[in-house]
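Order of writing sets the chain letters: A, B, C and D. Residues in each chain are counted from 1.
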Amino acid sequence: MTLRRAFAVIACMTVCHVTVRDAGAQETPTEREAAREVLASMAEMQEALDVPGMIAEYTAPNATRDRIVARVEALMKTELLALSDDICRTPEVGYKETRSVQKLAEALEAHNFSVEVGVAGFDTAFIARHRGGSGQPRLGVIVEYDALRGTNGAFHGDQHCSQGPIGIAAAVAVAEFLEQEKLPGTVTVFGTPAEELLEPSAKTTMHSNHVFDGMDVIVRSHASMQTSRPAPGFGTCCLNIDGVKYTFSGAPAHQMTAWNGRNALTAVMHLFGNIDAVRSNMRPETRIQGIITEGGAAPNVVPDRTQADFYIRYPDEVYLRQVREFVDNAAKAAALATGTKVTIDNYGSNRDGISVSTLAELAFAYMKQFGAGKVNEEPGKPQGYEESGSVSRDIPGIGFGAYTSDSPNHTYEMEADSFKPVGHDGFTVQARAMAALLFDFATRPDFRAAVEKEFAHTRAQFDAYLAALEKVYVAPAVPDPK
Amino acid sequence: MTLRRAFAVIACMTVCHVTVRDAGAQETPTEREAAREVLASMAEMQEALDVPGMIAEYTAPNATRDRIVARVEALMKTELLALSDDICRTPEVGYKETRSVQKLAEALEAHNFSVEVGVAGFDTAFIARHRGGSGQPRLGVIVEYDALRGTNGAFHGDQHCSQGPIGIAAAVAVAEFLEQEKLPGTVTVFGTPAEELLEPSAKTTMHSNHVFDGMDVIVRSHASMQTSRPAPGFGTCCLNIDGVKYTFSGAPAHQMTAWNGRNALTAVMHLFGNIDAVRSNMRPETRIQGIITEGGAAPNVVPDRTQADFYIRYPDEVYLRQVREFVDNAAKAAALATGTKVTIDNYGSNRDGISVSTLAELAFAYMKQFGAGKVNEEPGKPQGYEESGSVSRDIPGIGFGAYTSDSPNHTYEMEADSFKPVGHDGFTVQARAMAALLFDFATRPDFRAAVEKEFAHTRAQFDAYLAALEKVYVAPAVPDPK
Amino acid sequence: MTLRRAFAVIACMTVCHVTVRDAGAQETPTEREAAREVLASMAEMQEALDVPGMIAEYTAPNATRDRIVARVEALMKTELLALSDDICRTPEVGYKETRSVQKLAEALEAHNFSVEVGVAGFDTAFIARHRGGSGQPRLGVIVEYDALRGTNGAFHGDQHCSQGPIGIAAAVAVAEFLEQEKLPGTVTVFGTPAEELLEPSAKTTMHSNHVFDGMDVIVRSHASMQTSRPAPGFGTCCLNIDGVKYTFSGAPAHQMTAWNGRNALTAVMHLFGNIDAVRSNMRPETRIQGIITEGGAAPNVVPDRTQADFYIRYPDEVYLRQVREFVDNAAKAAALATGTKVTIDNYGSNRDGISVSTLAELAFAYMKQFGAGKVNEEPGKPQGYEESGSVSRDIPGIGFGAYTSDSPNHTYEMEADSFKPVGHDGFTVQARAMAALLFDFATRPDFRAAVEKEFAHTRAQFDAYLAALEKVYVAPAVPDPK
Amino acid sequence: MTLRRAFAVIACMTVCHVTVRDAGAQETPTEREAAREVLASMAEMQEALDVPGMIAEYTAPNATRDRIVARVEALMKTELLALSDDICRTPEVGYKETRSVQKLAEALEAHNFSVEVGVAGFDTAFIARHRGGSGQPRLGVIVEYDALRGTNGAFHGDQHCSQGPIGIAAAVAVAEFLEQEKLPGTVTVFGTPAEELLEPSAKTTMHSNHVFDGMDVIVRSHASMQTSRPAPGFGTCCLNIDGVKYTFSGAPAHQMTAWNGRNALTAVMHLFGNIDAVRSNMRPETRIQGIITEGGAAPNVVPDRTQADFYIRYPDEVYLRQVREFVDNAAKAAALATGTKVTIDNYGSNRDGISVSTLAELAFAYMKQFGAGKVNEEPGKPQGYEESGSVSRDIPGIGFGAYTSDSPNHTYEMEADSFKPVGHDGFTVQARAMAALLFDFATRPDFRAAVEKEFAHTRAQFDAYLAALEKVYVAPAVPDPK
């Protein structure tokens, strides 16, 4: 039990630590001050959108939509919940999800998707395009399938095993509808590996390889202890993050004549010490932590190669750059002081994403309408629909977080719930709501326009916010010693 | 090639760093000052012993001895060089030498030794007692057989593979002689594993388990680039050593709320920093070096377990105790400062051993007489016949170091020489000289008396030396702050 | 100009850094959570008190009070503003305010006070008791007179020079009134030195010497850029503070043989390093900073005595104890690791004080009524009427902060304003309001009862708050290393 | 008493720590190896010089010399011992020796020297040229007069007070002789301040200002517990030294918002930590020690200026350069890691000087001949006649170290001996021997030639030695991290 808990803490890179706070994404007085005008402009925009009116209209009875939603339910019951159970029972960790991807690809192929496995250099990424669609709008569905690393091996404590089946159900139902009705629009399912790993960030790499280009909207589901949606705006669950490895090389020598060596272990320890010593000269919301992944080979030889792995976090990316400079300088100073050399590898990053109320509120309304449990009416913090922020700040979208477990994310208990009614029911609600929203998006030009408008405005305000932050974070002037 | 060299450095715990210096073991001005009277007393004793005269007498023509020596040569040629080649071709690292031990045990059994495999808790230690002997003197032969760890796997770069065959050849020939002649005396071969590992020190553990109790003399061979012998006295090749592991435990917590944790990585880094900061307050001959063997699991979790491995060295064991106290206090202070806990595991130690000229000079004379190559007439530093110093400071003995390779210890080249004439010839010289010396020891009461006398005197002087050191290493008085 | 600014920053120990925030004193989410019930109870109590009604009644026209207030104005104009100017022109730093005390004592003696100079071991502390009073209530007036240390010598950048005259004016007028009217009650003026110094905290020492025992209310004035009053509750301007000196002793030795020494400079630097390394394991609101006041005598001698001076701060005193333990352990670990010794001297502390609305609102109303400028209607953070929190958490009272300068505290400009109308007018307002409030307190039993009731309730809630904090600040459990 | 002892240690920058060792200046195995050929060449040269023969000839009876020596004795008795006592009673520390210089200048003027006070920018340096001399050889006499800093003020614990009178006595007697005999040659007395201070090194500065240019020989006296002379060669008493100050500037900020600051105290502590961490990667004969001379102003303000003062030492100047690079890099890394700036001020240096046997042996012979006490027949370590090594490696010369006290240098007891017979007698011996040697140098061309030859050869060998060291001190190659 203790070990399981310990693991749950260890494996949780980003999403675990969700604390309830005010809906704004600004976490520091400085940020709140910088965001004042931006937030006012966004409040004004929200006022103008009349999202509640829109939701009321869209969620009113609609036979076509109900037919699609029923198709989703049938797919889940007859086929895809079984697939979910199967993947949940065969967990594979990030970048090793070969079998999971094969099972998902088979299901997609069986429903008339052409599947390309191996994308952007990742063996377990895929793109599945429905053969029956064409033209715009382009509807994207992101699915994940990597398991967590536990002390007893891989396990699906975050229920990523269900995401493929949920996304496939919605994608198939909507794609079939468009094809049958000969309506313009395409449906694409994106298989994105290794959500739990920052090294590298699969979505960021795929996005920079233009995998998601052209999508008009992207949806995704995620396991949760409650049914909720984010407030509109920009933000991320757990600060902006840079994952960085610092590798030091020295010169080996026997302990008896260590002056013929240069000690790379000393260097990597200096890196930590240098950081600790400037913690009070960085803003208190800064979070920097590292481990030593290589600490020398033998006590009688001067260590000539060592490595540290750091997560460097700050609420916003602007000050995070200053923090990175502190840490990179700490590493360079460590090398300089010890006569060693260092390489700096920023292997992954998480950044603020964008959430829009037009998508979030409709998703939330449908989840409730379809019977989602444990509803939290309070909007969550603004944040994108995927953890990296890279895609969600370029393309509008929404993550569907319905109640699917009674236990927190990243626990063995949440894995167990994947096979129970709480899981199965929640997954089905997510799939149905996802399909309903995609249906509206595909068939309602006014909805698409509203989403586009809100997204563009939010993005512009995000840029204004970042620009405002640039002005407030002035590094102090240091004169030459007299 | 670079990798091989790097390894050669890495694997070399104790014996590599032999620098030629004056024959005394005292390496610091303070030690030399403290040893003044002791060295004078030892010089006087050497004068009195007339070792050259003794050597001249013993090494004069002797048909019985020549027969035994011839028997050794025959054993090597017909059987034991082949066994050496076999073990050299099948290297096994420390505490894993199962096959090697089996081969050696078979050979010993075949020559009327009863072999007990599994001694003092070590699966690959053994004791082989010749069935034909009884009474005193008790002649002991130590053999080793562990290989080095190389980047391409285990290899016999220190030629330990030849020690078993050499020791067996000498033991068999002398034991047969005693049995045939119905002379009193026993021959015992000790198989000691893992010479290359300090963790744990096999010989020290076996000795504290009374494995060597009762032996009157112990012999052993070792590979070398030259034929040499140690000066009489006490010392060790490469300083007295303590091998110590420091393990820290903290409390885990997510990086976002690190104040709920206690960081064991910080603690272990403090250990290093604390040591570095008092280096100038320890005598400059001190050598302390460590590596971090566990440095945390994930950068987003406060590391709750870390470990460091240190070799702590000083020329003598008296000041080494003060050094250990510095390092242990560094660890305790690290725990205190970080709110963590520490355990200290002194897993192995090397100490000064004793060498006596009566044995060393006779061994040297026989090796030369039997044609050993590359003779260095200058006596080496005093040191025991085994690396730990634990056995060699209690029981007199001698290590036979004849020229067996053209390459330094701990190299792939030295391994290769095991199969060549340079190796085979040297091994045979060692075996013959070993048998000749054991013959003299078994048959000459005056020789035994001389060895015993010299050893007792040297040991007493060693105690006097340690007592003198206790007096000079006074820790400075630190008053309370005013 | 640069130097002046630098000084202004340097000299400001506690009061400068006032940021406007919500009225609650709880500065962290944890504190706010712990204070929930306490704040609810206090809000209820405030509701019940009907302070606005009380204020309206007391501040209504009253000829007796107006006479007293007029007497105050006359004293200021004819005598005490001149005394203020005199002291402002002759600044004396903390514990050296000999002349200032003499001048104030003379003025008090001249108005029938018996003055005892030299109290609680402080040469420049005094108690002045009006000879004409007797019985309860006991009215106390605290006055300060220490100057700041500037780069050009002492200066009165915090206008403490005016406090004596203000307090004397109010004390004399009210004491004369009580004597003339033969009303019960005594008036005592307390001269408290060295407000700017934490070493030692004069008020805390005087309080622990029972100097203020028996007072029913205490008043005090302070210079300000605005007219304001604190919200009711408990708090302090700038976190709870411990001022602590760490002194290390080692053993001296020549640099050439530093192993004969123990380095106290290394020790004191370890103290800093040890603290830095656990900063991330302390809550982010922690503020610890120190300087090295003694850093060794000569580079060729091992430093045998060093000292550091720290300010250790946290929003509440409960977690501050844990922080202190971290820092004290950092010092003990530094000594342990370096073979030195350390003494820990907690030379001064600031803690939360208590403010009550019954006093604060009446003081504020009078200041406004008497024409105070730059009124800030928003109540400030709860905090006591004196900086240490020691007196103000035991005895109800109020500080009068009227507009007396256009420049921030601790500036040369604020000193200059002492001589101008902005200063003279503000000082006079403070003196008049102080007298009016003391008059009400002396003559209205219902007012005294309300103050006593509010103070007792607040104090009880403060205790409940501290007890709640004790429960939330649980140190993490650290298991033994396995 | 304790304080006095403490001081004695503190004040002793260079000369106190003289340990008896072998006569060679090479202190490490590496140096001895590098010096092998150089030492052989020097031994050969010594063989060729036949110094004993030369000494025998020069020290034979000589009426002219005896007359000069008698004149010296008379000057001491009638005038200059009184001047010595006077200066000894009025100690002035380095660069403040105004009165002492005035007294010496008066004495020199009185004996026909023209005195220029204020040389090379030093107010208390002087050059005194005898008015009666002309042409070559040019005889130089260096005199010192600075006192030590004691806990009770300045004191002459190194008897520098006597050097002026001694040097004047010899200079006057020899100059009068040359003038009277109309012999070519000039006598110049150089007053060099602040021998005890490295900041700056007066002699080095004066030499780089060409003050000593053109001298053919320079003599100087120094107090001692024995009568001795250095062996010929190059060396220094207590390692080659660089005195360096590192000054850091940061940005101030209030402790409450320390992120607006950059901490110069952290930086200076990093400097120490960075050095400590590479101690084991520098040769063990390295000695680096520093103090913190400025460690911050107030604990509630981020320190924006700090300073450390270091003595950096190594037996030779070649490896010392590498050590300096380590330390300078430690400082630059400290600044880089903390966002501060650093300036590096190498304020003074001591280097190996040159001693020649031709001068040393004659000086020694005369001192013995004139009755010097406590003669040590063993030659001391080679070293120059002045502490900086700058002058003594360019101009041949000799320091006269006769027995003048029964207590060690830098003690109150040695000061006391200045006034006693042990002092007065020793001073007179030094003055007489100095005059005798200068007489020989002025009148014997063969002596001058021998000195010149030996000096040139030694200097060439010194260059060869430094070149050899350049080759052995190869910094290890550090590859880029892979």
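Definition applied: a residue touches a chain if its C-beta (ideal position, glycine included) is under 8 Å from a C-beta of that chain, and two chains touch if they have at least 3 such contacts.
Quick caveat, the model's predicted, so the values are computed rather than measured.
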Checklist entry - With respect to inter-chain C-beta contacts, which pair, B-C or B-D, contains the greater number? => result B-C
Checklist entry - Could the interface between the copies chain A and chain C be described as same, meaning over half of its residue numbers are common to both, or is it different? => result same
Checklist entry - Which chain has its C-alpha centroid at the greatest distance from the C-alpha centroid of chain B? => result C
Item to check | Distance between the centres, which are taken as Cα means, of chain D and chain C, whole angstrom | outcome: 57
Checklist entry - Hey, how far is the Cα centre of chain B from the one of chain D, in Å? => result 50
Item to check | Interchain centroid distance [CA atoms averaged], chain B/chain C, Å | outcome: 70
Item to check | chain B, residues touching no fewer than two other chains | outcome: 253, 258, 266, 269, 272-273, 276-277, 280, 284, 287, 289, 302
Checklist entry - Which bits of chain B are touching chain C when the two form their complex? => result 247-251, 253, 258-263, 266, 269-270, 273-274, 277-278, 280-284, 302, 305, 326, 329-330, 332-334, 336-343, 475-482
Item to check | Sites on chain C touched by chain A in the complex | outcome: 272-273, 276-277, 279-280, 284-285, 287-289
Next on the checklist: With touch defined as at the start, can you tell me which chain D residues reach chain C in the complex?
Outcome noted: 6, 9-13, 16-17, 238-239, 243, 252-258, 265-266, 269, 272-273, 276, 287, 289-303, 308-311, 313
